[in-house]
Amino acid sequence: MIGAKAQGEVESAPTRGRFSPSAWQPSQEMVILLGMLILLVVVSALTTDGYFNSGNAKAIIRAAAITGTVAVGLTFVTLSGNLLSLSVEQTAAICGVLLAMMLRDGWPAGIALLVILGVAVVIGTVQGGLVAAGANPIIVTLGAGATIAGLTVVISGGHGIAIGHNSLDWLGSSKVFGLTMPTCAFIAVAILSSVFLTRTRQGRALMLTGSSRSTAIASGLHVRRIAVLAFVLASIGCAIVAALTVSQFHRADGIQFGGLTFDALAAILVGGTAIQGGEGSPARTAIGAIFIAALSDFMILHNYSFGLRMTVQGAVVLVAVTVFHLLRKRRRGR
Amino acid sequence: MTENVVVTVKGLKKSYGAVQALKGVDFEIRAGEVMALLGENGSGKSTLVKILSGLVARDDGTIQVGGDASELATPAQSREAGIATVTQEFSLIPQLTAAENVFLGSGLSGPWMQSRLQRLAAPYLEAVGLEEARRRRPVESLSVGERQLIEVARVLARDARILIFDEPTAALSDVEIARVLDLVRRLVGEGRSVVYVTHRLGEVFEIADRATVMRDGRSQAPVAVADLDVDSLITMMLGRELETIYPERAKELGEPVLRVAGLEAPGVIEPVDLTVRRGEIVGLAGQLGSGAGKLLEAIAGVHPPDAGQVEVDGRPLPGGTRGRAIKAGLAYCSPDRKEDGIFEFRSVIDNLTAPSLKAVTPYGWFSPGASRRMAAGIADQFQIKAGKLEATAGALSGGNQQKVALGKWIGIGPKVLMVEEPTRGVDVGARAEIYAHLRLLAEEGLGVVFASSDLAEVAGLADTVMTFYRGRVVRSSPAAALAQDDLMADVTHGGTVAA
Amino acid sequence: MSVVRSQLKQWSADRDSQARLALLAVVWIFFTILDSSFASSDIVFSVLQSFAFLALITAGIGVTMIAGELDLSVASVAAVAGILAVKMAGLGMVPAIVAAALIAGAFGAVQGACIAWLRINSIVFTIGTLFAMRGVANLLTNSKSVLLPLNDLDFSEGLIERIWIFSPYTFVTIAVCLVLGIGLAIGKWGREIYAIGGARPESEAAGVAQKRPLIVAFAISAFTAGLAGALSAVVAGSGSSEAFESVLLQAVTAALVGGIGLYGGRGRMFNIVVGCLILESFLAGMIDQGVSQEVQQLATGGLLLLVVAVEFLTGFESEDGERSGLPPALRGGFGLLDRRSVNGPLRADGNQEVGS
């Protein structure tokens, strides 16, 4: 490196270990989010009898798991500055259908999983490639989603695929430390994604690209590859969710993931990730998903009708989006 | 000449923080006259224009428009006073036609049918000389010169009496320049007043009645253009307090590290040859539209060049893309750091390590230690005062931001550092530091090329100077051999009159 | 009326419109070749019936796209309006429908005002409202369907009563599209919408109001969605909270086929209408050929991707050698879609804003 003359008075703290506190400084959004979650839990506990049993907590996280896993993967698309993907539910559906068909036909579980992983990667690459080439992500994923949905039905012949016991049963029924597989997968995906984002080269490049695409280009970052990577990661999340669902319910059909796209988007928004990119985290999305599930749990326990629950959820999204937006504006001084 | 003065400015003062941009400026303009407003970078002329346009508030001084004291605190008030500014930053909607753009934002009532708009806009578009056939096309299909005419038509439609043209011909072809000058003559013929801000002396002599020269935040009394010649005008513009902030020039130069032959690109009309040696700082002097900046962009691969070869360290650089240029060791900083020089909302550490992600992520795994070390090292080197390195880059002062934008390239071990406007929006203290570090980098073996419209900067910092005017190289010479007024003559006039 | 005629003449003379009309003709010719009985007044009638609903929604969402935004809540708003119309049947059918549409429009205006005032991204905001409105729909119906009173069913049938190839429903749609189209073309508010969509920072510099056109655009999209939802619910005889779930894809596809630029500031109502006709004819042709619904969806998605590819290949100029059509750092929080004039504006040089 070019020789350094020790001039000036820059405060550089002595180099600390890998997990120095400064690396884990929670953002304002995270603080608010956790605060809201804690508040919700406290209110729920105070107003509901028997709220505090571990069964309830596990149930909430389990409820959040499927949406949360997809949402965490989808967060990469948003963080990289590529807005969002509207094709996640269809991606999950096609992976589910393919998996079910392979298991029904006796393929070994390992191969089947690899195949749907490959399919997910291809789907992500195609969409990411189109977006990287300059097309608008909303339009691309909207069209891709419909195309994939159509393909799903063509493949499945239009009816659900039921499978008997097979080599993937363990995925649907095992428990690790008393947690169901979807919960484990959710936690694992959230942790791995956070680590990927903050600790790997690609992850950091992705965040920089979302922060300012033009500066990223000027700095020599491969923004197009990053776009592809983001969509691939989102698709992989869908494949994981497909595997979990199929193994648990022993069936797949083209519509079992209906509503997943917008539920995942809601989790991202409640988690406070900025739609412009460059700000946010998979961890916050995970907590956003948990918050929504906890809220839903609370409302169900208090006998809110479906309509009211959905209205409240919509209102929560609106409030979250507005609050985080204003917070961001104030922080940036604009 | 009747003294019907329409705008009088007295004792205008304006400070930005510690820096005084205007130190007590007087200015006036009469009805029916073209007043040229001249001045180098840092002379304060852009601040004066901004104050007249209501974009910036003055600290002290009086302004009178039409004999009445005017506030001009907001753009709306400026408009009401009859002042309109035509800048380079257009406000046209590309998909709409000329007629539509003329009336946009003007509160025109009644149906906005294309035929009616064309009819209503016709006198204004006629006045600026936009051909009929062109008026129905979406503005995006018109040339830059035509778009500028539409801007003027727009201000005419709002009955502007005092028009300020800010560098109107910087990006125009000869034909279009002639049209603009015609337009200006016609406007003043109708009794309006035109403030013509330019660096092109030829145009001053062609069009202006009087000229006000600004220097170092002060204005000189207006002079009749008829009483001037190029040399005397140049002398009036020169003489900024020469700061002793430039480090000593290089004593020894090494092998050529960058060789450019026959380069042509948009904005660079004639093929350019350029050689930069290790340890050398080459300064490209030129104003807006001179091609100096475009040359650097072409070398850096921002826009692929139309023709020519680039060699780094003897090895030819294939195909004009940024990625390849960076890989070959060419680091480039654009003049707009907010746009693509810094990550405004990321920490200083992230900014400084961005081009060198590979180095701080051994085996793909991020090392906060390595990242911090690299950032701290660069920050030390460039004297970036960032308090804590975790501070957001956007919160830094302009000078420190610029140091971040420049310094981040150190990590890739560049061979050549190319910068456009290295000290734009940077205070004197930080400027001195940046110059010192550019010189240090050169001494360490880099080749440094910078393009700047600040002539003192070019003359003070560079070892070798190339001057540009309207897309062509005027001359190339060791800086020591170049006098200030030669420089000025080159970039404002394409060469000395007496040449 | 002369205004109408001159506008229609102007529209159909435009090359883009002619290309689309040609495409429409091609679709019809294609499917008639496959099945000679395709080009019958029966088929045209049914195409126009489906078109009637789609065109209203597309017209609305198209206006927001022209403004450089996107209203994702249209489907939910349509559902709510449908339920409201049925519930208000006691007022008389026409007042009920109109009232439902107006309520929807008012909601849209409020939505637009929030988006404008907060300077927030419309995608993100309308994701919230799409949930909320869907919830409201469920609340209003208790998650069941509400049924139209029996004696009003005559009106329902009357709405789709066949008049040659049209029906009152299609007449309403055509009238609304006509009024919207003319308003967009000659109203000041129309130009403002094009301006903020085409080049928002430039429009601000030019002095164009920034909030008003947004409020208008979102009010329009909600109004037309409400009208469409109300009419369809009345025709179906019931209002359901599950209605119109898949409308977003079709509307966006039709808008794109109809030439709404991906990047705002472009598009005309006439072309949107033709775009809807193209899409509906395409679907009708596939149905005629016995293609399953899923393959139709596939084809619609494929069509969308195809249109994107074509628009991309023919129109888009890159700025820096990279084809970067991605959303920009959304300065000011407005705008979801990239706006880039082909020859970007020159920036003023030499500004020494010291200490900034």
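Should a chain be cited, it is by its letter among A, B and C, assigned in written order, with residues numbered from 1 in that chain.
Everything below uses one rule, namely that a residue touches a chain if its C-beta (ideal position, glycine included) is under 8 Å from a C-beta of that chain, and two chains touch if they have at least 3 such contacts.
Bear in mind that the values here come from a model prediction, so they are computed numbers and not experimental data.
Under the contact definition stated at the top, the chains bordering both chain B and chain C are A.
On a Cα centroid basis, the chain most remote from chain C in this structure is B.
Rounded to a whole number, the gap between the C-alpha centres of chain A and chain B is 45 angstrom. If each chain is reduced to the centroid of its CA atoms, chain A and chain C end up 30 Å from each other. Shared contact sites, meaning residues of chain A that touch two or more other chains, fall at 212, 214, 217, 278. The set of chain B residues touching two or more other chains comprises 322. For chain C, the set of residues that touch two or more other chains comprises 320. Against chain C, the residues of chain B that register as touching in their complex are 16-19, 21, 41-42, 46-47, 87-96, 100-101, 104-106, 108-109, 111-115, 140, 144, 154, 166-167, 170-171, 287-288, 301-304, 320-322, 335-336, 397-398, 421, 424-427, 453. Chain B contributes residues 322-323, 326-327, 332, 334, 339-346, 350, 354-355, 357-358, 361, 364-369, 372-377, 379-390, 394, 408, 410-413, 440-441, 444 to its touches with chain A in the complex. Listing the residues of chain C that touch chain A in their complex gives 70, 114, 118-121, 123-125, 127-143, 241, 248-249, 252-253, 256, 262-263, 292, 294-305, 308-309, 312, 316, 318, 320, 322-330, 332-333, 336-338. Only residues 1-13, 15-18, 20, 22-23, 25, 198-205, 207-208, 211-212, 214-222, 278-279, 332 of chain A touch chain B when the two sit together in their complex.
Those residues of chain C that touch chain B in the complex are listed here as 3, 6, 10, 185-188, 190-191, 194-195, 198-199, 202-203, 205-209, 265-266, 320-321, 341-343, 345-356.
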